[in-house]
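Please find the structures below.
Common to both upcoming complexes is chain A, partnered first by chain B, then by chain C.
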Partner chain A sequence: MNSYKKGKKKVVSKRSLDHFFNAESVAVIGASKDPGKAGNQILKNMLAVGYQGKIYPVHPTVEKIFDLKCYPDLTSIPGKVELIVVVIPDFGVPAVMRQAARRGDVKAAIIIAAGFSETKIPERVELEKEVLSIAKEAGIRVFGPNCVGIINTVNHLDTTFAPNIRQSFREVSFISQSGATGASILMFAQDQPVPFGFNKWAHVGNMSDVDIIEILKYYGEDEKTKVIGMYMEGIENAADFLDEAGKISVEKPILILKVGRSEIGSKAAESHTGSLAGVDLIYDGVFRQTGITRVMTIEELLDTAKAFAMQPLPRGNRICVLTEAGGPGIICMDEIGLCPQVTMATLSQKSVAKLEEILPPMAIINRPSGYIDMSAAALEKAHREALEVVLADEGVDGVILITVPPTFLQPTLLARELVEVVKNSAKPVLTCLMAGEWVKEGRIILEENSGPTFDLPQRAARTMINMVKRSNFLQRIMEEAGCNES
Partner chain B sequence: MSHELIKKAGKEGRNLLEHEAFFLLKSAGFPVPAVYLARSADEAVKIAEEIGFPVVLKIVSPQIIHKTEAGGVILNLQDSMEVRESYQAIVANARQYNGDAEITGVLVTPMSKPGLEIIVGMVRNPMFGPTVMFGLGGIFVEVFKDIAFRRAPLTKQDAEEMIKETKGYEILKGIRGQSPRDLEGVKEVLVKISELALREEQIKEIDLNPVVVYEEGLQILDARILL
Partner chain C sequence: MNSYKKGKKKVVSKRSLDHFFNAESVAVIGASKDPGKAGNQILKNMLAVGYQGKIYPVHPTVEKIFDLKCYPDLTSIPGKVELIVVVIPDFGVPAVMRQAARRGDVKAAIIIAAGFSETKIPERVELEKEVLSIAKEAGIRVFGPNCVGIINTVNHLDTTFAPNIRQSFREVSFISQSGATGASILMFAQDQPVPFGFNKWAHVGNMSDVDIIEILKYYGEDEKTKVIGMYMEGIENAADFLDEAGKISVEKPILILKVGRSEIGSKAAESHTGSLAGVDLIYDGVFRQTGITRVMTIEELLDTAKAFAMQPLPRGNRICVLTEAGGPGIICMDEIGLCPQVTMATLSQKSVAKLEEILPPMAIINRPSGYIDMSAAALEKAHREALEVVLADEGVDGVILITVPPTFLQPTLLARELVEVVKNSAKPVLTCLMAGEWVKEGRIILEENSGPTFDLPQRAARTMINMVKRSNFLQRIMEEAGCNES
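Let's turn to the complex of A and B:
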């Protein structure tokens, strides 16, 4: 009976966080003509990226900002307002919330202003409670306070004031417990050979209402999100977070840059957000148990997120390092050698024979096992042919290709030789082109059409290690499921 | 349904006494030695003669947590006379250590063969819930912090991975011609302690230190269960 009804009348109900990420109209309270104010930059950003919904700036006296009609208060906006972005200072926020409550159509509020519970000053803690109780009664969900809000590159909604974020969206969505780190990760991602934009991005601030767990769950259910990245300082209800993450990590990789690894680092994290930084060793163990990929640096976070989004996972842990230069190859091998979960591939006799044919006579093949120094005499075609041989070898689960192109090796030509092979491979290929401007064009060709590229060999190695670990985790989940069935 | 020993200790507002902890662990299937509570020197001698020498005596008192510090543990007793003397010495030491300590009795247990010592623990963490810890005993835990954590419930795979995460794994596997230790047994203890933590929510902390691991089998030599 019920299912019949459901099938007949298809109601597309918005999930709670859709009122934020997929808001059809936004009012910016505290809009400003002054370029030095957040209320100006938010509007500018949103116009620059081309937000697809309606924008209503609110300011008591100004009539127009950036050619947008300005309203003196929330009440006087004639159209529907789904989301409000509150940029006015702390003690003015309750009045705005009351106006929003009276309107009845406001479903979500992003409160940018700081000066609430994070200060631990009793009257300001109370202020946050007041804001929240007004919101709760009116059925308005709250992001923040003390946050920079959200970005959705699908509908071009952007409540942040991070400069120049290009909206080239990928399948990676991000959650940050720090506005500045979150924004710098956005900008760092722009600074890749091919600018890397996130699908969705959120800075949670004080988490008075919407918290990390709810956003994680939202990303988990979001069809456009395939990889979830996170910057984390600490979380009080870690058990609930891990329960949710555990459900998602079986399908989507979750990468977390969890800080507070050292005692002094964790003290800084504690005083930063007022939240518990926690015991690092426990985080380490339970992340692994939950299938969360823990990364240690911003670049590892981005590198790995890109690889997860762009490349297939290795089926096993046998990696082949195919290098045109000895030194960088050894740096890469060192990184792999320190990780017990990854081993070097064993090449078949057939592959070795083929490589001997393809590569210059001074090439060092499969010594040590899985390591091929093609030598600087290896040209574009030899690179491609050697890559094809190792990818075809059943003993190889993934390849790291390293090249320091000399003047007689054209990076763009090389990239064109490789791009189809990388794109069509069922095994991951991480390409390290060293370095700088000389190889940039080549890296763009590869990144636009196939997979991530790297400027340093240890970065490629760390990324491959994370891919192997992820593959191991999924394998383990499958084995456990198999055990339960039998 | 919590275990009656936990109910009883909870009602009395105290932690489990060591013999109670051993009893609880035994009923949950953990590898524990035979332990008996003697309330007099005569009783201690009788028990020792029944279970066979050498034996170990340990003080049992709700007020004394650090037994060794209180002079409350005497190892490797070879005959009835040694047991009788030690019983009296232990009780006297305990009284001197803490005049108000209520002395429940003295625990008599067979002296175990030496083996590789590990530590297994459980702490109910306010953020993570019950977490299980594994590490090799002695300097590995104290100096090198060579330990690994997981959240309950643990699967066998979790247990295996957490052991492998520590440097101690190489030693458990057997180095310099030593035979490998009972890894399966260690895994079972880790899984069981996580189950116990989930079943008995009143338990705040479990400390099995040391657990001696042999080529075949393992034995918990000391157990603390805090409520």
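Let's turn to the complex of A and C:
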């Protein structure tokens, strides 16, 4: 994959967005003792995730919140303040920005408060302009207003007020044009069998200054970010966005949940962020050309992000489905069959002979091509051995393994048989253990050590389809590069 | 809805399948002390769910299993035996069937054992014929072979060996052509916020005698069954099936997860149960005409079944989306917008004025039509009041309510505000509380008392689409009936 990384300049000095994501000190203007307020939850989150820098709560009268000394205003904070998080209401924001400007050390501001240009009320549109002009003059970059803020798992920063979030380090970073969608993705991610945390996470709000293009670029250059996910409504300068995305996507997968698929969806998006969602078919085509992986649901976004982060890409499009259960295997085949870019693998005679030896007599091997119903009589060891055989077959680029563990198949034993094979494979293996609590421990063993697991065969199939499509895209880029050189 | 129930005869005497589902005594041939064996799990399940009839374990040497007296063979059981469950291997089955025939009281046999006609091996195809001919002569009906068996929650019968299943009474019954899919649906169902149990459940196996048509008919006549779900691969006598389904579907919704959507999926189905999945487009069209609700995933099957069982149908196709969060609202609108049969409601001026009064100033009301973004500032009470307003609007046939509860909105308080309104509404309300553990208690409150809840807006949208489609179908049937009368 290194062949794609040519001519990329690594910037070592602190880049502008570092003042947000890698801030060494944070002042929270509008800190609160009331657990129902955002200004309380933000502090709670910062402490819960273990932020390493300095935290300065600002409140006119309170002396301490969560044992942190409070300051009556920004001016009275003795130490350096790099980032301010502004939680006070709309019309109070300009005064805070002026204080920040006067300090001279503030480099970045996250404005949580809503009630600015998104209301389309002239007075409030003006208010946003005023805030921006103070910030620009003072060299302060602005996130928002009307945003939830950012998370950086590397230095344990969390300026959001999403409840109940724990952090765990992964190589997927996320950008959202909706705070609620972003927050619910956070919550979905941590409800995975092994809680999944984003490396960096950002909700952009009104994008008065920092926009999704700049964050995309920042993630593109971030060494800790290997996969980028995004919830997108629309953007004015779409050409610039696609230009940037196109550059990054040859190196890092970009997954986008883009709304505006139907007319009323587009209209709702326009009401929400004023975004023109654009003609969906055009987005669809341009995304494909640019190598962007378009996902349709929050689940597909998470599934695919996990797979890209934890598994190798298939080298080609020849997939093998290894199932212990007929019905779920067929459901999986149905989904794969609807995607013309994926083909079923052709197994060698040698592999077929070996599988006949390993599997119970009632197994259905390679009928249709690349499909193996191991039968419910296949035990833990047979699963592992059959997986080894198909992974060793040169005609196979990736494997989906499906099991609905019956009473005589222990999910944890099965997981322990499989985990090393999956972990050491140079080909992707997506495992689908159905269903529910009965298989949860098994899924945890696999997710902790090897790769993503699934509860529905269609989810595994769609994820493999996305992996094949990305592999095809990179192949095409390589070929084009080869043509240019010759 | 009673107007559809015309001319249906209620059968009160014991019908043939009653000897399975309502058996008063069950002998388990192949009972086992080994917890890894199906013959052990079946007894465990029967005891765990509290089967009310007599249980007779049969084992040549063991004296007791789970404190139940064992019998060396069928002949030595003193009491009446209505149903036998046969778990011993293939070639042992005919002898058991002969014993059953000799007893004279056995009316029904569930043959769990595999290795019959599904192997396509002539000797084993013959074996199945032999078993059938003994049964026919003795007047014993046969389920299977190669099946998981049945569940009836009403009399606490469970002949399956699916692990870890608890029973809870609901009005949805299920038929599966795959044991594993059927079992995983059971497990998915009990992992819902409020565990969901099927009223009756059956896996048909090889359908040597009892087939899906007969079970469908049985469920159709069953007063305890209000909704029928099915996993289907294919059937030889499709015309008979559709004829029966057409009769039932005017009274009870039939939901089918039918595979064979793609060519390789069809081929895999053929390998599995020998079913010809048929041309998918034809099935699709015929299902629509027959009023069958076709679902695409296990999730959609459960979601829609719950909604049909727990909620009134919309009277028309005019839907209102009430959301606390922009992004998830747009995702929902996108999905609805892709279905031409659903329209967005037109709210009256009065409703709009009331909503403006109730909701925070930054709410976006009726833009686009029928879409209300209440904004994140809408608290528990505002949710309830806004829901009451749109439900009272004559232009609204159904409501989807979406919330990603921020830190200052308590999911349980929200659920308590909403639950009575949802429960007492004559129009369907589908609530989507995103996401995960943070909202689980709230979802439980709503599911226990009113209707289904969702974690993804697309799932709520697809469920509402299925409800609108069914309402349209019933409307069409009424109109046709009206035309015939005039």
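Just so it is clear, the second predicted complex is superposed on the first by the 474 of 486 C-alpha atoms of A that agree within 3 Å, B and C clash if a C-alpha of one lies under 4 Å from a C-alpha of the other, contacts with A are read in each partner's own complex, and residues count from 1 in each chain.
FYI, a residue touches a chain if its C-beta (ideal position, glycine included) is under 8 Å from a C-beta of that chain, and two chains touch if they have at least 3 such contacts.
Treat the numbers as computed from the prediction; the structure is a model and nothing was measured.
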Tell me which partner A:21 touches in the superposition: chain B (first), chain C (second), both or neither. neither
First, second, both or neither for A:196, with chain B first and chain C second: neither
Larger contact residue set on chain A - chain B or chain C: C
Return first, second, both or neither, reflecting whether A:454 touches chain B, chain C, both chains, or no partner chain. neither
Return first, second, both or neither, reflecting whether A:337 touches chain B, chain C, both chains, or no partner chain. second
Report for A:181: first if it touches chain B alone, second if chain C alone, otherwise both or neither. second
If you stack the two complexes on chain A, which partner ends up touching A:282: first (chain B), second (chain C), both, or neither? first
On chain A, what residues does chain B touch that chain C touches as well? none
Chain B contacts chain A in the complex at 125, 127-129, 131, 145, 147-151, 154-155, 157-158, 161-162, 164-165
How about chain C: which of its residues touch chain A in the complex? 36-38, 41, 114-115, 118-119, 161-164, 176-185, 187-188, 190-191, 231, 233, 257, 259-265, 267-269, 271-273, 296-299, 324-331, 333-338, 344, 361-362, 364, 367-368, 371, 373, 376-377, 404-408, 434-438, 455-456, 458
Which residues of chain A touch chain B in their complex? 235-239, 242, 276, 278-279, 281-282, 284-286, 288-290, 340, 476, 479-480
